[in-house]
Structure formats: C-alpha cells, structure tokens
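Same chain, two partners: chain A is paired with chain B first, then with chain C.
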Partner chain A sequence: MDTVFIDGLAFAAPLFIMAIGGIYSEKSGVTNLAVEGFQGFGAFIGSLVAVILMPQMGSDNQMVIVVAMLASMIGGAVYSLLHAFLCVRFRANQVISGVVVNILAAALTTFFTSVANQALTGAASNKFVLGVSDQVTVPVLSQIPVLGWFFTDMYPYEWFIAVVAIAAWYLMYKTSFGMRLRACGENPQAVDATGGDVNKTRFISVVISGALCGIGGICYAYSISANFSPSIYMGFGYLAIAAMIFGNWNIPTTAAVCLVFGLARSGGYQLCLSMGLSSNYSDLFLMLPYVLTMILLVFFSGKNHPPKAAGVPYDASDR
Partner chain B sequence: MQDDYIIDMRHITKRFPGIVANDDVTLRVKKGEVFALLGENGAGKSTLMSVLFGMYQPDAGKIYLRGEEVKFDSSDDAVAAGIGMVHQHFKLVDNFTVAENIVMGVEPKKRLAGFLPCVDIKEANKRVKDISEQYGLAVNPTDMVGDLAVSQRQRVEILKMLYRNAEILIFDEPTAVLTPKEIEFLLDIIRGLRDQGKTIILITHKIEEIKKVADRCAILCRGKLVDVLDVASTSVQHMANLMVGREVKLETTKGEPHFGKEVLKVDHLTVRNADKFEVVQDVSLSIHEGEIFAVAGVAGNGQGELANTIAGMQDAYKGTVTLDGKDITSETVRNRVEDGVAYIPEDRQGMGVFMNLPLDENLALRRYYKEPFSKGGVLDHAKIREFADDLIERYDIRSGQGGRTITRSMSGGNQQKAIVAREIEQHARLLIFVQPTRGMDMGAIEHIHDQIIAERDRGAAVLLISLELDEVMQLADTIGVIYNGKLLKTAPASTMTSQEVGRYMMGVADND
Partner chain C sequence: MTDAEKKIGGAGWFQRLLDGRWSHIAVPVFCVLLSLLVSGVLLVVLGKDPFVGFYSFLQGSGLAPKGSYGGGSGIQSDFFTFLGYLAPMLLASLGFVVGFRAGLFNIGISGQMVASAFTATVLVGYSDLPAVLSKPLVIIIGAVVGALLGAFVGFLKYRFNVHEVVSTIMINYILNYIVGFFINMYFVNGLTRSSLPCSTDAALMIYNVQIGGISCTIPLGIFLAVALAFFLDWLFKRTVVGFELKAVGQNPKAAKYAGINVGKRLIQAMALSGALAGLAGVAYYCGYYTTIVPKTLPQMGYDCIAVALLGNGNPIGSIFASILVSVFQNGSNFMSSTLGVQKEIASLIVGIMLLFSACGGYFRFLAHRKVQRAEDSKIKAKAKAEAAAEGMTGEGEK
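And then the complex of A and B:
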C-alpha cells in the first residue's frame, strides 16, 4: 500500500504542476494543447544543463538537479513564447498552434540532443543520461499514519511542486493580476473596459504556463527514466490536460484528479506484480490512467465549464 | 455662461468610409441635468457619445470639459476625467461576484501576512455596498453576476462607473432590454443620480422615456443636429417628426378583425428544456384566419420555446399542435413549411439567416429546392437573383451590393427586414413572428407593422411574440400573457388595458 501511494504521488506531482500550467493559459483565454511540447522542451534544456554540469560537479551532486530544474523552467518559458506569439500576437488558431508546437518540440529536441551528445562525448546518441534524484524520508513526520506518506521516500521536487502550486493558486485567486487573468478567459471585453491589457495578460499567462510545464518535464526525466530521450513525449502532457478538464480548471480539484491518475498508475503496476504476471503485461496495466480518462469522459463531459473565451483571439474592435 | 456647461462639444465631425456619422454637431450639456439624445438607428447618437467617451477621435471639432479643452486617446482617459458609460452590451464577467466585477482594475489592496500583496475583497464588498445604498441601486456585492437578471447587471454597470467617481454618466439605450417595471425603477435611479449632482446623458429612441425623465433633449437625424429642445414644453408628436425627418403616425391604424376558420390549435402543450425543466407548461391556444394572437411576457418565460415548438425546431413533451385540422406535432420543419407555416425566429443571426451566404440566397431559402429556383438539383442563380431583387426593392432592404452582399456585412435592421420579407412572401397560413421589430427604428417598424396587418387582412393567422408591450397593444386582436411557461390569461385585446397586461406579465393571477 505504501509503495502504491509513494509511487503514485511521485507521478501525480509533475502531472499536477503541468495541469496548473494548462490552467494558467486556458483561464486567461488561450487554449493550451502545447503542454506536451512545453514539458518536453523544458526537460531538454534542464537535461542539457545537467549533462554539462555533471562532469564538473559530479553526477551524484543534488545541486545539479536544482540547477537543472531552474533551467527547465526557463526553457519551458522561452519555448512557450512561440505559442504566445502565435496565439496572442498573430491571433493564430490556438488548437493548431498547440499541435504544431508539440510536433516541433519533439523534432527539435531529438535533433539537438544528438548534436549536443556529439559535441560533448563524441558519440551521437539521442539520450542524455542523468543521475537519479535522491529520495528523502523525514524522520519523525513519516511515522504519522496516512500523513506520513507525504514524508516517506519523497523526491525533493514533490515538495517544491507543492510550494509552487500554492504560490500559483495564490497568484491566480488572491491578487489583482490573477483576477485580471481569470477575467480575460471569461470576458476579455470586461478587462478592456476597465483599462486592462488583455493581450499582455494572456501573453504573460502563457509564459507562466511554459515555466510550470518545464518543471513537470524535468521531474519525469529524473524520476521515471533517469535520462532524457524522445520517450519524454509519451503523452503525460495530454494526461495533464485531461486532469485540468476533469478538475474543471480549478486548481484544488485538479490536484485530486492528478492524485487519482497517479494512484491508478502505481496501483496498476503493483497489481501486475502481485498477480505474478511477466513484465510484458506491465505496459498493459500502465494504461490504467488512460482507460480511467475515457471512463471519466463519459461521466463528466456534460458538467464542465471551460473558460468562456478560451480559444478566441481578442479583437478590441469586437464590441 | 460658459461655466454652466460641464460638457461642450464644438463642431464635431466624424467620418467613416462612405458615411458622415457626425456632421458639424455642437452639443452643450449642463451640470446636473438629464440630457437626452434622440434619433433613429444610424442617426449618429452612439458615434457622438463614443467620441465623447474617447473610443473614437473626431475628424474635426473640439471637446471642452468643465471649460477646459480635452483630448481623449482612449476610453481610459475619459474614465480618468470622470466620464462613465453603460454600454448596450454589458461588459461583465459571469463567474465573478458583483464586487469583483466592479473593483477590477482599481482593486483595494492589502498585505497578507504583512508582505504578500492581495486584493482586499472585504473592503471591496463594503465599498460597493455603501455606493449601492447611497444611490438606491439594490445590488448585493457577493452575488454571482451570472445569476443576475439583466436589470441587475445593468445596475452593476452603473455601480462600476460610480465606483470610479464618474461625474458624467452616459447610458446607451438602457431600457431596450428591460421590462416596464424595471424601466420605471431605472428611471427612478436616473432621477436619484441627477438629484445627487451627477450629469446624465441618455441615448434613446423611445420618446416616452425622454418625456418622463429628461430635462433637455437633442435630436439627431442622419448625422446632423436638428434641434435642442426643452422636454417639458415640447409635444411627443413634434419630437417624433423631427427625429424621423417627416410626419409619422404614432398609432398603427388597423381595421376591425374578421375571424375565419381555426388555423392553429395548440392543445395542452408542455415543452421541456435540456435540463428536463418544463419551460412551457400545459399551454392551449387557438388562432383563426384573420387573427393576430399576441403573446405578451417578460423575456425568458417560455415564449421562445413555445414558438420554436410550433415551428418544429423543438420537440413537444406532451400535448399536440394542429394546423388546419392536421396534427403536425411530430412533423419535420420542412413539412410544416410546406403545410403553410412561416417563422421569424428570435435569434435572427443564429436561426434566421446564414451569415456567410449572400442576401439573395438567404431570401430564397424557403424555396431553393423547388422550381423555378432549382431544376434537377441544380440551382438556377438567375431566377434566385430575380426573385431577390424584387424583394429587396419592395421591402427596402439596404445593402452594399444588392443581392450579392454577404449577409454578415449588413446591418442588423436590414438582416431582419430580409427575414421578414422572406417569411411574408411565403403567403403562409400561419405566421409566427418572434420580436419582428427588434432593434429597428421607427420608420422600419411602421413598415413591418403594416405588413403584419396586411397578412392578417389577407386571411392568415398570426402568432406574434413580442417583449414590447406597446407592440402587443398596437397589433393584437387577442392577447395571451405568458408567465413562467404558463398562459396566465387569454382575452380579446379590446377588453384589456396595457396596465392589466403589465400586471399579468409580472405573474399576478386573476382573482375572479
């Protein structure tokens, strides 16, 4: 049971921070299918920085992970400028922009990984081999029943994500910037009428989205595969979008949905092991979150309230 | 004398491609008065106020505010100078509270835990409540805007201006969306604002309201200022003539009705919406040849669904609809049209026309699949154009390129004219008109009313659904008042006064 929860949380946390990224963009009125691309590109930059630093700092040095995480935030943010420019400045179709941004990210990062490997090691490989993040158990706190799970064998990034998530919630619901952001996704004319700048707000929101997705990407690179390769694009970004939708674009609800997805995944894996099935079947069980998505779709589709103005470029002359 | 005028717009000219919206207009408004701006659609009222509000820059002319010349680059500048405007389309966020909507952009702030900046929503609620009480606006700061009625939303917009310390308040057609009772309440608010020293500019084409609330009135016609009048000493007829630029008749004249056979019979009809809520409940009515049956009611009481169900756009849950003795309850829309139903839907742009098709094709929409417009499945565009040109001329439908004009580029009033022309030209047995004159000016309304009466006199049965009580009273032979999906009262029009109808519209049931 402990393992199911601990593994589930390790999967759910990065998913959650990417879903918040999606929420930031969509709440401001920019449809975001580009979560997958943002997280992949962010992870690429973070991993690149890590492989450059590791020879100097030592491959087990946990500081590398901290620096890599910051680098992946910046990487995600910079890459998201592409989506922001296309959707906000050039008023492109936001769905198409999202898809293009994803495809481009996969192509660019695969290419540059090989180029970088060639330059760094002389061998062309499409993988950056990363160290493994330490898992930390907090002495006393981990003994508390149930609550103790949150302090047992934790990757430090899980706590970092919790802090960033709270900050993101605060910014969105308690500050005047957040108020304007949410209004931009519902009725941008209302923001314009009160002297706010709709396009600027949306632009900033998309860039925040990129930074948050970048965190999610590097966490997956470190925790699940311990390397960066094209397999980073295995659909976690889309799963984050699904979590955002089932969470009704609400940060706390989305957290719960991500946890369910995480537990479904780790539970499925443990189930596979306990049934003594060969590892060939584990892939089948790892499908659980996606099957769950399809089932949830049937039940929740009618009850959702997406931001009203999401997907519509703002035109000040539409009165 | 100069100082008496808080607003002084001198020789304002504003041109748009192909049209002079304001032609050398000079307008002076005194501090603390209610000043009305009267004119038909397209007379240039809204443009003039948009110039004052900084949304447009004038091509010529100067604006003085409190005696000093001002130049507004955007409406933000105008707001900073103490001008506020309530637009026709409210600019509110549905999933925000009233207070959040009002303070957005100038929120009261506080520091959480001593350093984290955040919006002080308690303080916002308090300030909004205070202003609401001061001016008798009766809005609750913590209500969700999405749950509010239209009249309440409008008051939120008023509060938004007052919160920003507006001295001059511009109202753009504020009563177009309100019920008679709500209009009275709004006019009271406007009087209250004036009494507390605010200057009010009221854009409208409803002369009655000007009579009730305004001190002075400027009349615009085709971009030019016709006259500025003292309201108390000017007759309604005189104002109407100046506004239209010719003699108008304020009352529609219609002859005695001659009822024939029963055309439409609706029997215990119940309609459910998507949430399984009964929006039309057990409605029965019957309309004869030569009869105009008008359904009066406040918006959202089921009249739209009633019309949709008779026209075949929505399914009946219970009950039957019979046309000339034939049960059409589950007929397709096309079969109903073939049987003689014409329909002008409420949502003209969504259901009435294809916005991206040219006007001539929209005009032929009811018959395009039949000879002579279509032979063996191929459209005959020459015939369609010929038919359209005839309608365009007879119904005075104005557009840039005649029948080839893409419908989207036409004005709303002319789109409506096109739908009315198309439906009347079917010479149907039953005509269902939902708000046929919405958004049209007096001249055009007069024309459409004449058309409706002509159809009645030809022997058609007319079901008229209107939110304008005046229109109901003018045209109806029989009035049915709908409230909460039920037909509360049905009676010959000659036996009811507009006050009585108004009471039923508010849901006051019969005592006898």
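And then the complex of A and C:
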C-alpha cells in the first residue's frame, strides 16, 4: 500500500504541475493542447543542460538537477512563445496550433538529441541518460500514519512542485493579475474596457503555462524514465489536459484528480506484480489511467464549465 | 495609369497573388517555399549543401536517378516503394480532411491505423485464403474497424461532449497497449520482436512484376487512394452529404437551425474519417510493410495532419501535399546515407511545413489587409484629385 501511494504521488505531482500550466493558459482564453509539446521541449532543454553539466559537476551531484529544473522552466517558457505567437498574434486556430506545436516539439527534440549526442559523445543515440533523482525520507514526520506517506521516499521535486502549485494558486486567485487573467478567459471585452491589455495578459499566461509544463517534463525525465528520449511523449501532457477538464479548471480539484490518476497507475502496476503475471501483462495495467480518463471524460465533459472565451482570438471590435 | 498608382500596384503584386482567386494554391506554395528555405538554412548551419540534400530526398524516392544501384534494384523499384509509402499517407490525410471539413480533429489516425491493420492481419493475413478473397477482405476489414473506432469518437463527441482531440489520443494509447499486448503474447516473431508477417496472398501488393528488367513490387493501395481522393472531392462539391458535412463544420448552430441533423453528420464524418484511416492502416502494414512493430504508433498518423493542412483541407490538394511529404519521409534514409545527417531531419522538415501551413491563414490575412489598404489609398487619392479639380473649377466660377 505504501508503494502504491508513494509511486502514485511521484506520478501525480508532475501531472498536476502540467495541469496547472494548462489551467493558466485556458483561464486566460487560449486553448492549450500544447502541454505535451511544452513538457517535452522543457525536458529536452533541462536534460541537455544536465548532460553538459554532469561531466564537470559529477554525475550524482544533486545541484545538476536544480539547474536542470530551472533550465527546463526556461526552455518550456521559450518554446511556449511559439504557441503564444500563433494563437495571440497570428490568430491561428488554437487547436491546430496546439497540435502543430506538439508535433514540432517531438521532431525538434528527437533530431537535436541525436545531433547533440553526436557532438558531445560521438555516439549516435537519441537518449540523454540522466539517472534517477535521490529519494528523501523525512525522519520523524514519515512515522505519522497516512500523513507520513507524504514524507516517505519523496523525490525532492514533489515538494518543489507543491510550493510552485501554491504560488500559482495564489497568483491566480488572490492577485489583481490573476483576476485580470481569469477575466480575459470569460469576458475579454470587459478587460479591454477597464484598461487592461487582453493580448498581453494572454501572452504572459501562455508563457507561464510553458514554464510550468517544462517542470513537469523534467520531473518525468528524472523519475520514471531516468533519461530523455522520444519516449517522453507518452501522452502525459494529454492526461494533464484530461485532469484539468475533470478538475473543472479549478486548481484544488485538479490536484485531487491527478492523485486519482497517479494511484490508478501505480495501483494497477502493483496489482500486476502481486498477481505474479508476466511482464507482458503490465501493458494492460499501464493502460488503466487512459481508460479511466475516457470513462471520466464521458461522465464529466457535459457538466463542467470551460472558460467562456477560450479558443477565440481576441477581437476588439467584437461585441 | 499614373506613377503613384503604378507604385501601389507594383508593390502589391505578391500580396495580390496571395489574396486573389489563386490564393488557395498560392498560399500553400508560399508556405512550402518558406519551409524549404528554413530547412535549407538548417542544412547550411549543419555544414551541408542544401541542394544536394533536397536532391537526395528525390533520389531516395525514385524520382531522380541515383549514382549507383544495388543488385536487382533500380529507379523503378525505388519509385514503386515510394508509391507504397504514398498510398497510406494519402489515405490517412484524406481521413483527416474529412474530419477537418466537418470541424473535427481526428488525431487518432495512428491508433486507428494500427488497430485496423492488426485486426485484418490476424483475421485474414494469417489464414490461407486465396488472393482473390483475402485481398478484398483485408480492405473491407480495415475500413470497417476504422469506421467503428471513428464512429465511437463521434458518438462520444455528440452525446457526451467529449472533446475529440483528447478522446482520440486516449484511444490511441489504449489501442497501442492492447495491440502491443496481443502481438507480444500470441503473434510475435521472436527474432525481430515485431508481429508475424501477413501472407503474400493477403498483402496488398503484386510481387515480382518485371519492369525494364527489374522486379518491382507494385502497391495496390495507391489506386484506391487516388480514386478515393477524387470521390471525396465529388462528395464535398456535388452531394447533399458533403454540403451538410461542411455546414456542420463551419457553424454547427446554423446547421442545426437549417434543419441538419448535426449529431448524425458528426458521427458519419468521424466514421468516414476512421474508415479512411483504417484503409491507410492496411495499406501501410499490409501493403508497404507486412509486419507490425508492437507498441509503436506510426509517425504517419501525425504527418498526415501536415499533409491535410498543406493541401488546404482539399482532397485533390492532399494528393500533391502527400507526394511532397512522402518524398521527405521516404527519401530520408538515402539522404541520411549520402549527407550524413540523421534521418530524423525529415520529420523536422515536415514539422516546419506544418508550422508554416498553420500560419497560412495569417499570411492570407496580411495580404488581404495590404491589398485593402492599397485599394483604399487609391480611392482616397482619386477622391482627393477630384476634390482638388472641383475646388479649382469652383474657385473659377466664383
């Protein structure tokens, strides 16, 4: 049971930060299907920096991870400029733009991973080997029943994500910038009338979204896969979007949904192990989060309330 | 024409081309040229000659002669291999086009391809039916499985308001795992780790056709693909079904108001889209390859989106766009061996094309604005000149 929860949390935390990224973009009125691409590109930049730094700083140096995380935030933010330009400035169809951004991210990172590998090591490989981040157990707190799970075998990034998530929640619900951001997604004309700059706010929101998704990407690269390769595009970004939809574009609810996804995944995996089935069967259990997503989508898609103006480029002359 | 007018007209010829009646051809061509330019610059940055690079893509696709050929192969066999790759690409992009016209984004083409090809391979490809029976059966099974998957997505969209992009992607992963599981459990070739090959009778190819002294493998999918492209063009231009699909895609509310059964049309559009994707699947896995690699979704399911956008969402346009994209993807191996650039650059070039074609609407908008402004200033200048002339005569009368 402990392992189910610990693994589940390790999976849920990056998913959650990506879902927050999605919420930021959509609440400001820009449909964001590009989460997958943002996280992949962020992870690519983070891993590239890590691979360059590792020979100098030692491969088990935990500082490398910190730098890599910052780099992935910047990478995700820079890459999200593409989506922001396409949607806000070029007024492209936001769904198309999201899909384009994802496909381009996969192509770009795959190609440049091989190029960078050849330049750095001389070997043709499409992987950056990273290793797994250390896991930390807090001595006293981990002994508390139930709550202790939050302090046992934690990846440090999970705490970092918790802090960022709270900051993101505060920014969105307790500051004037956050209020303006939410207004841009509901009634951009009103924002314009009160002297706000709709396009600028949306632009900033998409870039924040990219930075948050970048964190999610590098966390997966450092935990589940222990390397950066094209397999980072496993559809976690889309899972995050699904979590955002059930969470009704609300940060605390989305956190709960992400936890359910994480538990479904790790629970299924442990179930497979405990039943003593061959590794082939693990495929069937890895499928669980996706099946769960489909079922939940069927029940919740009709009832929830997406931001009213999401998906519509702002036109000042509209009513 | 005065000097001033000439200046405005001369400055705007390019914009006029993008804005005028040829805009549906001019804009995609402009996007392609732009992306070739960017890709060329990329090759230069990597220290390669872009012209040699682009030419080697053509050589690899059997559209230009190579310096030397291995035993038993020639430009003919390369060309038919290229056609074998082109067929599923065109079918898949037609699948996307049908959904796109009805306002639906079928991102699930890769999953639909794998699932239908897997079903067809297992049901027919492993049996010993004669070619006369098995080839049509493979095609029918592929289309039916794809149609069912597509219709399911359409139903979810209509009945439960599930966004089709999210649901198709979830279904992609689910199908990927299920098919991967069954291949690994029951149909795996222990040596290559891919599925057992489907029989030569069931494969959509005619083997060992002698053309110019070289034995070629002729893919059958290409005939089906081109025929379907023209059929769809007719469907959209000349039939009630096509008209209603387009109406639903452009404005579902107006379509409903006009008495169109939106739900039925949505499900039909997705079913047709899925059926085409299923055909693409059998054309790819039973007509280009004969095996399925487990737990790998075909890149083609995403490349076809680039094709459809480049082709302006038009079935005939898709033929040209799919030739272009197939040249890059199919020729990438030969390019990689001559130039020493990783073959993944082909996907990157396609990605760049996709990026620029997504901006196509913006280019058109810019051109339109420029033309409008030029026209406005022309009218203003004319009015000013007239006013000045009137003013002079007016003063004269006073």
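Following the convention adopted for this analysis, the second predicted complex is superposed on the first by the 319 of 319 C-alpha atoms of A that agree within 3 Å, B and C clash if a C-alpha of one lies under 4 Å from a C-alpha of the other, contacts with A are read in each partner's own complex, and residues count from 1 in each chain.
Everything below uses one rule, namely that a residue touches a chain if its C-beta (ideal position, glycine included) is under 8 Å from a C-beta of that chain, and two chains touch if they have at least 3 such contacts.
Owing to the predicted nature of the structure, the values given are computational and were not obtained by experimental measurement.
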| item | value |
| --- | --- |
| Simultaneous placement of chain C and chain B on chain A, clash or fit | fit |
| Partner chain(s) touched by A:Ala183 [first = chain B, second = chain C, both, neither] | first |
| Contacts of A:Lys308 with chain B and chain C, given as first, second, both or neither | first |
| First, second, both or neither for A:Asn280, with chain B first and chain C second | second |
| First, second, both or neither for A:Lys174, with chain B first and chain C second | first |
| Contacts of A:Ala193 with chain B and chain C, given as first, second, both or neither | first |
| Touched partner set for A:Val298, first chain B, second chain C, both or neither | second |
| Superposition-derived comparison: chain B or chain C, residues of chain A touched | C |
| Minimum C-alpha separation between chain B and chain C after superposing on chain A, in Å | 5 |
| Residues on chain A lying within both footprints (that of chain B and that of chain C) | none |
| Chain C-facing residues of chain A, complex | 33, 82, 86, 90-93, 95-100, 103-104, 106-108, 110-111, 114-115, 118, 124, 126, 234-235, 238, 241-242, 245, 280-281, 283-284, 286-287, 290-291, 293-294, 297-299, 301-302 |
| Contact footprint of chain A on chain B as seen in their complex | 75-76, 79, 87, 89, 91-96, 100-101, 104-107, 109, 112, 116-119, 160 |
| Residues of chain C touching chain A in the complex | 46, 105, 107, 156, 160-163, 165-167, 169-174, 177-178, 180-181, 184-185, 295, 302, 305-306, 309, 342, 344-345, 347-348, 350-352, 354-355, 358-359, 361-362, 365 |
| Residue ranges of chain A in contact with chain B within the complex | 170, 174-176, 179-180, 182-183, 186-187, 189-196, 305, 308, 319 |
